[in-house]
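Next up: the structures, one after another.
One chain, subunit A, appears in both complexes that follow, with subunit B as partner in the first and subunit C in the second.
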Partner chain A sequence: MKDASGGAQRVQRYMNRELAEGAAAHRDRIREAAAAQAQKHIAAMKALARPKAMEYFDEMSDHFGTRAEELRKFKEAGGKVIGSLCYFAPAEIVAAFGAVPVRFCSGVYEAVHPANDLLGDAGLCPLVKSTLGLKMSGASPILELCDLVIVPTPCDAKLKLGEILQDMVDVHLMNMPAVKTTEAGRQSWIGEIKGLVAMLEKRFGQKLRPHMLKKSIQTYQRAQAAWRRFSALRKNGAIWGRDALLVAQLTFFDDIPRWTQNVQKLCDELEGRGPVAPDAARVMLGGSPIIWPNWKVPLLIEESGGIIIADELCSGSRTMYDPVVVEEWTLDGMLVALAERYMMPCTCPSFSPNLEREQNMLGKIRESGAEGMVFHVLRGCHLNSLDATKASRTLREQRIPMLKVESEYDEGDLEQVRTRVEAFIEMIKARRESSG
Partner chain B sequence: MGALWTKAVVMDCGKVLASGAIRSSMKPAGPVGELVAALSGKAGVISGSAKLSATGVGRKNMAGAAQLTDIMAFSKGARFIHPATRIVVDLGGQGVRLMELDQDGMMSNFTTNDKCSTGTGCFLDIMAAALGVDPAHMGIASQAAKEPAVINTSCTVFAESEVVTLVAKKRPKEEIIAGLNGMVAKRVVAMINSASTKGDIMLAGGVAMNVGVVAAVEKELKRKVIIPLEPNMVGAIGAAVSAGGAK
Partner chain C sequence: MAVPAGTMAIAPTAAPAQTGKGKAKSRRRRFKIADMRILTQVFGLIFGNAMLIGLPLFGTSNILRHIYLPNASTKFFIYAPTYATLYKVQDTVFSGWNSSYIDLLVPLLIFVTLTIPLGRVWCAWLCPLGLPQDLLTRLRRRLGVRHLEIAPHHADFIHSLKYLGLAVIVFYTFALGAPFFDLKRMWNALPVPYEQFDPNRALYTYLQMAVGLAPPSTHVPIMSVLVTILFIGTCFAARRFWCHLCPQGAMMSLFNKTAFVRLRKDPDKCTHCRICYRVCPMEILNVYEQRGSSDVSSEKCVHCYNCVDNCPEDGCLSVELLGKKVVESKYRCQCDESGVRT
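Our next item is the complex of A and B:
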């Protein structure tokens, strides 16, 4: 079978014609469901007090709208769109070649069905199933523009997802070390970063020059600075957490300089504003990634009398919070700085001992004045489920309440989870009254 | 307003004056109103003059009543009944919940069974039906058992077929029931052991009226647990306490 770009024969170890046809039959339903889910959430978000500058992010959040069209034209004019499946693939490197990096971890519930047809009940998390189903069905216009997908391998599910995707698209795997505290781990990751550069150089037929990478890093540094300004305003409760998470989410596929401008505009509007919900329980959100339009948990928290004022999600704060710190603007210096930025501060549960995760949680809770933490675990995400145990111990020692919420993408457990979230918020407020 | 039963209490000056329960229904407002009116009459409270507070899954159907979650209601009810309670486990119709209270009686943590129905009233009802026994006799019946049967699986569906197999093998019913009660107790004890709070433990909810489960829990824990006079009323009492303005 030829791939979409008419390239060489692909060896298919998982896919076959029947599966491909079955998945394609899901395409329209997935698109409709994704659009309906997104519209429902946007309507709910618009119903509350929010800055006017959010309109830009509402528009760009549409997987089938403006941004998809821009990228289609970009590609038609000869541009390259490169996908990645995790936070760990440095977007700066892809962008340095003039290509557009997009991250397409999927939050679309309907897309899990084609993946279930292929895998049966493999016990994988819905994020991985949904992402696979999205590619199998061809439902995402942006994903279909990708000539190549970079897949870091922080967990078993992503590793095998990268393997299966090779039946459908070119894949470059990046081997993640699980222990990053050793020199061997660090060197191995630097090797992966350099390997990514070498692969892209070959693919694009172009050497990576220092000035190209420097310009790209600086573009992202401006975005990171904007996000940190936003985070400081956000912790005052001037904006709903569901809006803040949408802003972070758009770093997945938006034009980064334009995103930066719009975040600054949003900050200008928020500057000096008081909290949108002064009595709400101030919640920090952590755990498994929350990917648009799977807004179930943020909406539940904020509909139950809470407000998310900080997060430690790789789909939220972690995307842009940490700056790239370059000591020497040589090619080697920049690549080492990128390798360190994407690995060292990262609190992904794929690492051990991962002490920085608890420190980071406690630090963020103290700095933001959060009164409790909701730790979200996607069913099947064993690493986050295990880290939740550790987190609950750490937080308990500090007398900070924590609620572990295990959930799927579908809304079958919505009311069950709602009861628990409501009880958690009630508990926070009761504690506040008794101590005040 | 639980998954299977709706319970109500009338309280005044820190005393329970009347209590009662009806089966939960799809349209609860009418029947619940009648229950409250009947209990008010029994207690000599002028209907409509008292504060009304609702809890449980059906609470949002009660317009005009103050609301709190069942989790909060159980912690308040347990604290009211026995102020030294540090852990209260609600063994309800469709859920098992554990609430931890701090020294001041404030809830500090809770866990729920969000994946599995084992240990709930529903589970025991289904097993009672499979055995042809009145669910209310599941506790007493197990006390005659010489040796509890071993039930290997905790999934309701699989456990039911295991029970049917044991019946076919002519295993005495009381031993099967003792096995089931023991299995429920094991789950409850595992929840209690995973809580970091230590201190007085209360069992509440309808299943706490099952003496077989309670005995098995006490045996596993090697300590006594507190069983309120009306274990199924703890949530309702918590709601009433909250309506009265107590923390």
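Our next item is the complex of A and C:
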């Protein structure tokens, strides 16, 4: 398979001309809808008091705006943009080669339709369908800049998405072990990481030197430090959860040193501030990823009198929370540290036995003082749906209320979800009164 | 076990007030335990158990000479007023046949008194063999040589060898001294075993000769030289490999699991990131794997606290002395220590 720009013919197993034309016809509509969706949410977020430093993140959140333009210029100047489909693909490695890692996951509602044309009703999660639709239609300029997509395969949907994407772009699949308690599983993942390095080395015609990787890891370590600082402030309720989630979201696209700087700036502004909503029900958000601009659930929670003070989303806290701790700065030492960082503490439901997830959820709830948990499940995300059942058991034992919210990528279920969320928040507040 | 819902719900409202501006900063642990340890070890080497200049400081004291230390301080430090228990044990086992080994009582009593509270703390903080291992490990890292990863089950096997070594040493010495074995002929070939291959002996005697503390004519057995070379070699391949095998470590390990110094873990705070296992020179898996109990002390632990040092979760791992928290884990950006400002 040659580079797309080389013009070589791809073997297309899923796509055909008819589908491509149909998808292309969607392009403008998707762009408009996505922009409208984002603007609507930004406006809603701006309606309440928020720090001035958030302006930067608002600006960057636009897929079609400043950042896309920057990346286009970067690529014109000979830079490489590499996509990844999941939390698991270590951005540090891509960045070590001087390329810009971009996370491919999509939260655009409208983009689901081209994917439905291809898949029919496959029962896949809307995140995967939206990502596929975005690529099929070519609506997102940032995604169009990616020469290669790294696809770790934590779940069936991502696995097949990786397969289908091969019709349109170069794909590197990474096999995710589902059991991480065994040494064989860990070794297999380390092998995948080394395979990724080998593949990128070949593609870029450049050997990965320890100093390159060290520099890149340190860049991310600083970002992680900033995120930790931010998390502590967020726990105090100094910022709305939807803003915090947007900050995390931008690690998908943004220039990481600049992101770090801006997070620090945001922290400086928040330092010493009291909670934005002292009476709000403190909620922890977990479950399926919430990808910008799919801000339905966070906005619903916070408009109903809650505040998201912690999350365990792979699109939220998990992106930057766990630090890479390198003991030995040899290439091997760094790669092992990276491999373990992305796999070991990760609470993705694709793992079993996923004891970490319940333990971390409880730990985070205690640490942040959350009064309840909202477990978000994208319809079709079976793994999170199953984990929700497990989580509800664990939380019930600890007498922490939990609400499972299933949602699609459209606004059809908005009012229905709102009713449930409102009732949940009311219940939390009622509990507070009755116990204190 | 179940936390009442009320406390869960109400406690958080108090939380924001606690984490003010100054407090968050002052709580940050600035020093690294690893650096503290190097300092203590150097101090110990000069003034403490190895006593490079012990004699000029304290003189030859009969009392001090009989306070045997549990760690690997050799009898052959020129200026050391005292030495390790294992030497004393060997000497008494060898010569004690006629006195029914009654002389063993005092050294063992001293050993137990020093080891029951501290366990193997001696190994990582004061042992004169720990310092060279730590320094050579730092050098190895500078050179970019990666250590061998020893799989847990292999590590367990290597760890068990130290007991075998200790048993062989004690038994051989006993056999040498006991008349019915009639091994006097062996005396010339291998007199008292540990003296012969103690890596300390060659390591520090040559050092002392070099700086003029020991006369150049000091005898160093060839075995000791070979073991020292091996010892230095292992530092470039594995972490604290000697500590896996050390017979004195074996003696201390007997009390390590019940020492007053405990390693504790808050399983709720653990993210199972495996960092503690990766940084552990003794390959102790339990700290990483433990989900139930809060006590993760191990018989193999040398108390270097690399795990506490590197654990990224605040308060997840901690060291307790008699139930009092001495130090606990605290997240810190690794960039801070390599001199790069955030």
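Throughout what follows, the second predicted complex is superposed on the first by the 431 of 436 C-alpha atoms of A that agree within 3 Å, B and C clash if a C-alpha of one lies under 4 Å from a C-alpha of the other, contacts with A are read in each partner's own complex, and residues count from 1 in each chain.
As a convention for this text, contacts are C-beta pairs under 8 Å (C-beta built on N, C-alpha and C of every residue); 3 or more make two chains touch, one makes a residue touch a chain.
Quick caveat: nothing in here was measured; it's all calculated off a predicted structure.
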Subunit B and subunit C placed together on subunit A: clash or fit? fit
Chosen between subunit B and subunit C, the partner touching more subunit A residues is C
>> Applying the document's definition of touch, where does A:Glu327 land relative to subunit B and subunit C: first, second, both, or neither?
In response: second
Query: Taking the superposition as given, does A:Gly185 touch the first partner, subunit B, the second, subunit C, both, or neither?
result: neither
Three-chain overlay: angle at subunit A's Cα centre between subunit B and subunit C, nearest 10 degrees, stands at 110
Q) In the superposed arrangement, does A:Gly65 touch subunit B (first), subunit C (second), both or neither? A) neither
Notebook entry, point to check: Where does A:Ala423 make contact in the superposed view: on subunit B (first), on subunit C (second), on both, or on neither?
Noted result: first
- Item | subunit B versus subunit C as contact partner of A:Asp413, first or second or both or neither | first
_On the A-aligned overlay, A:Arg431 touches which partner chain: subunit B = first, subunit C = second, or both, or neither?_
both
Touching A:Gly195, do we find subunit B (first), subunit C (second), both, or neither?
-> neither
After fitting on chain A, the minimum C-alpha spacing between subunit B and subunit C in angstrom comes out at 10
Interface residues of subunit A shared by subunit B and subunit C, listed 399, 431
Touching subunit A in the complex, subunit C uses residues 2-6, 8-13, 15-16, 19-21, 24, 141, 144-147, 151-152, 267-275, 278-279, 291, 310, 312, 331, 333-336, 338, 340, 342
In the complex, subunit B touches subunit A at residues 57, 68-72, 104, 106-110, 112, 114-115, 196, 247
Counting only contacts in the complex, subunit A reaches subunit B at residues 396, 399, 401-402, 406, 413, 415-417, 419-420, 422-424, 426-427, 430-431, 433-434
As the complex stands, subunit A meets subunit C at residues 183, 210, 218, 221-222, 224-226, 228, 232, 235-238, 260, 264, 271-272, 274-275, 278, 282, 309, 322-330, 332-333, 336-337, 340-341, 344-345, 355-356, 359-360, 362-363, 365-371, 397-400, 428, 431-432, 435-436
